[in-house]
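Each in structure tokens, the structures are laid out below.
Here come two complexes built around chain A, the first alongside chain B, the second alongside chain C.
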Partner chain A sequence: MEAVKNALDFSDFPRLDLTVAGLVLAFLLVFPALPHSGFAMATMIQFLMFSLYGMGWNTIGGYAGQVDLGKAQYNGIGAYTTAVMMVRWDAPFWVSMPVGLLFSIMWSFIIGYPLFRLKGHYFAIATIATSLVLKDVFESWDFVGAARGLAIPIRANLPDFLYLQFRHDYYYYYILLALFLLGILYLNAFRHSRLGYQLRAIKDNEDVAKSLGIDAHWCKIKAYAVATAYVSVVGSFHACYNFNIEPEDVMSLDLSVLIAMMALLGGAGSLWGPIIGAAILVPLKSYLGDWLGAESGLTGLNLVIYGVIIMVIAGAQPRGVWGMVEAVRARRRGGHAAA
Partner chain B sequence: METLLIELLKSLVSGLLMGMVFALVALGLTIIFGVMDIVNFAHGEFLMFGMYTTLLVSPLMGVDPLLSLPVCGVVGAALGMVCYFGVVRFLLRGPMVAQLLGTFGLMLALRNLALLFMGSEPRLVKSGVLVGRSLVLGPGVVLESTKLAAAVLSIVSFVFVWWLIRRTKTGMALTATSLDKEGARYMGISTERMNALAWALGGASVAIAGGLLVNFWPVEPNVGLLFTMIAFATVALGGFGSIQGAFAAGILIGMIVYIPPVWDAATSFAGVDAPTIHGFKYTFVYLIYFLIMVLRPQGLFGWKQ
Partner chain C sequence: MPLLEVMGVTKEFGGLTANWEVSFSLEENEAVGLIGPNGAGKTTLFNCIAGHFPVTSGRIIFNGRDITALKAHEVARLGLARTFQIFQAAGDLRVTENVMVGAFMRTASRREARSKAEAWLEFLEIGQAGQAMMTELPVAMQKRVALATALATEPKLLLLDEVAAGLNRSEIETIIPTLRRLHEEKGIALLLTEHVLEMVLALSHRVIVLESGRKIAEGHPEAVMKDPEVIRAYLGDHFIKRQREAQNA
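Right after this comes the complex of A and B.
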């Protein structure tokens, strides 16, 4: 009950934040009704997916301050569980998604236990290594289609809500939007939860947190499992949305880093940060790719620009967009107090 | 039995030769890490630039690919300096996250610059004194001359860098900075200059490794990531910041890469119906990396943790 109350309690945000959030929500709700191109729709779906990835990453990377660069492996576990169960046993999405979630969380406990003995960049690189090992395994494992990947057979009667197969993208959009809102509510509860406070204490000063009796190792593992859950669910969705999955698509290092980057660009450790980050980076990436893609004969230029933008952000504003907003607010409050 | 022995011998020698090149690849990473505690994701991309340099320069100057190595060194050093002064210097002010992401952005930019200018098809050096020749050590054990030369020159470069760091005044200043930045600064050693030197030295050594590698390993814009991971594993195994460690670990990693083929040969010889695992060549490297990090984070010879 307490958790539900916390999830719905947005009262500690300034009114401006809530107004903007309300306007964005209204826009998201009516977007499919507005005139839009198929490309814009696909970009919006990507935006929602990456917001969810970023929110998940934010629990471990933002609130707990542990830079995790291996999230793609859970995306892979979720996507593959759903795809394999659909292809081999004809199981609906709503069955395979929780199974994938279970696998992901189990795997996160297995590798989280040794991983969290590491700190800083040692932790970050070790998460990359685990993700790459898993990707190699999937690339040579015949049961899951090896490097060719898996293709989900298309159902006879569309739309099919059990198997998440639709002719129009807006079905996917609304399902994802529902997940997106649930994700925000859960994260809002998470902020106020015991674990949320413990994690922030660990981030500020791990030794002090430990001396207060917080089991830092176990807290991090729990937060890691929460992050994993978000990514795994989106992974399962991704399998249904794309019909076709390959290890290179669903569990590449690029995806892992992209997830972390969305959250960091927006501002890690804040509720809105990952959403802002995804809202900037996803359209940027897909429209750059569209303008400077294969047809223009400049393959690669889009990603060069993208890389440069990442470097500039990392160098100029490591606390992200939300960090800038908070800096401005702090200054204004300071000025007010002086006056 | 004989075929198995030959396979074992062949793998042992190949692993040894490959390992020496891996060691040179890892050397640059360990220098940079030792001096300034920064993890360079773009390391494999430096290697790729070295590979392309040899590929382009040797026909242009009409010399053998092996003679283009000094050019690789210069290109690598210049690239390292440009990256340091253009990007990395700004990342140092931020938290660790900024460094990880910043060098990842560098990796994306360099990789796709190569894609933009060189295209995506894999290329290999086709002409040269050593290309296509081989040394027969015994029945079935054949050494490609290119690999042998790469290993020998890799050792030469390694010894040169080791000498530079351990026996020259500048090198000692570099070591001093990596041991104690503040203390070194009191002695009048500019941290900024040492950082730049570390990037130049690191860039040069990995670009030379690339120049050696391209004689038998095709180059394409995405070649870097595998070598970045191998270099991470090598550096972790040898100990972050340790030069001797990088050498020993490089050879060890070279051997590890050849375990799967030997295993496959052994199972097929013994008639056991075990699944072949040669596809997992590099998985073992990542696994070793993970285990070393968890069980012995300071590596085999590390002094920094």
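Right after this comes the complex of A and C.
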């Protein structure tokens, strides 16, 4: 019961935050009714997906401070479970998604247990390695279509809510928006929970955390499983939205890095950070990539531009855009206290 | 039965012996000072007792349980809390939230953790700082917050590692009665290491002296301070010699 109360408790945010959040929510709700291009709709869907990835990443990477660069493997497990179950056994999304979630969480425990013996950069590198190994396995595994990937057959009658197949993108959009809102509420409960506090204590100083009765290793494994759950659910959705999946697409290193980058850019360890990060980087990625690639023939320059953005952020404010907002507020508070 | 019993604890780091065959015990509701010159092995002994370091040999019994092989978080859950000498200000948490992390050891409820945290902050007379970020506070306040956090785990025994380090004279003078009140009103046993001898003498019933990892003296604070072994450990051989010459003259 307290968890539900915690999920709905936004009282520690200033009114300005909640007003902005309300306006953004209103915009997201009416967006499909506004005049928009197909490209804009696709970008909005990407924005919602990356917000969810980032929220998940934020539990382990932000609150717990463990930089995880292997989230794509869970996107792959979710996407492949859904695709394989649809192709081979005709199982609906609502069955395959929880199964994929279960597989992902099991896998997260199996690799989380040894991985969290490592710290800092070693941990980050190990997460990259496990993700790449899993991708290689999928690329040579015939049962899941190897490197060719899998194509989900189109249903006869559309729209099909059981299999998440629609003729119009706004169906996908609203389903994702519902997941997005659930994701925020869960994360809000998470940061108010015992685990949420304990993770922040671990991030500050692991020895102090241990002296407060916190089993740091086990707490990190739990947070890692929560992060995994977000990514896996979006992965399952991704399979239905794209119809075709292949390892290079759903579990590439690029995806892992992009997930971490968005959360870090927006502000790791804050509720709004990953959403802000996705709101900045997704449109940049879509429009810039499209414009540079198609019109100017400068494919790849967009990657250079992300690199520069990340360098500037990391140098100026490691806590991202949200960190800048907080810094300004702290300065104002300090000014009041002095006055 | 003593609350804490340290039996022949030796701790070696490679070839370096930080603690050698240290034995002592501490009764329930007792306050014991652990003193010694720099590098005597006080903090290492704390880390061994609290489970941060595995001991090389020896046994540690707390509240009737052998805790020698337990990990730090398991020791903490049995009711043995500690503070750290080098305290790094927390990043993401406000003062009350920081103390709540301690309270979360005994409860999963945020509401309960918050009310406990607030009570401890009141007890330590820093209730007004609850909404501040740790980094905004002066060192003396940060130390009190760290103390409140450790206390929120509801310990039977509290290990205090250099509480006075980094504090000025008036701050030391105000923390002594706070610690005494803690000990007397809350019935929490204390084991404290300290460079500020005045503080050890004011708080401890008994003092243990370490030098180069070995226990060289134990007893009533004033008696221990007159022990020539202890004076030599702190001030060196030539001091004793000069003292003797002065007496003879």
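In this section, the second predicted complex is superposed on the first by the 337 of 339 C-alpha atoms of A that agree within 3 Å, B and C clash if a C-alpha of one lies under 4 Å from a C-alpha of the other, contacts with A are read in each partner's own complex, and residues count from 1 in each chain.
The rule is short, and it goes like this: contacts are C-beta pairs under 8 Å (C-beta built on N, C-alpha and C of every residue); 3 or more make two chains touch, one makes a residue touch a chain.
In this text, all values refer to a predicted model and were calculated from it rather than measured experimentally.
In the superposition on chain A, contact of A:V208 is made with chain C only, not with chain B. Touch criterion not met for A:L18: it reaches neither chain B nor chain C. After overlaying the two complexes on the shared chain, residue contacts for A:Y197 are found with chain C alone; chain B is out of touch. Counting the residues of chain A that each partner touches, chain B and chain C differ, and the larger count belongs to B.
By the touch criterion stated above, A:L182 is placed in contact with neither chain B nor chain C. Of the two partner chains, neither chain B nor chain C is touched by A:I154. Residues 39, 87, 90-91, 93-102, 104-116, 120, 221, 225, 229, 232-233, 236, 279-280, 282-283, 286-287, 289-290, 293-294, 297 of chain B are the ones touching chain A in the complex. Those residues of chain A whose C-beta lies close enough to touch chain C in the complex are 2, 6, 63, 192-194, 197-198, 200-201, 203-205, 207-216, 269, 330, 334. Across the interface of their complex, chain A is touched by residues 50-52, 71-73, 76-77, 81-82, 84, 88, 90-93, 97-98, 100-102, 104-105, 108-111, 113, 133, 136, 146, 149-150, 153 of chain C. Note for the complex: chain A touches chain B at residues 67, 69, 114-115, 117-118, 120-122, 124-126, 128-130, 132-133, 136-137, 139-140, 253, 257, 260-261, 264, 268, 298-304, 306-311, 313-316, 318.
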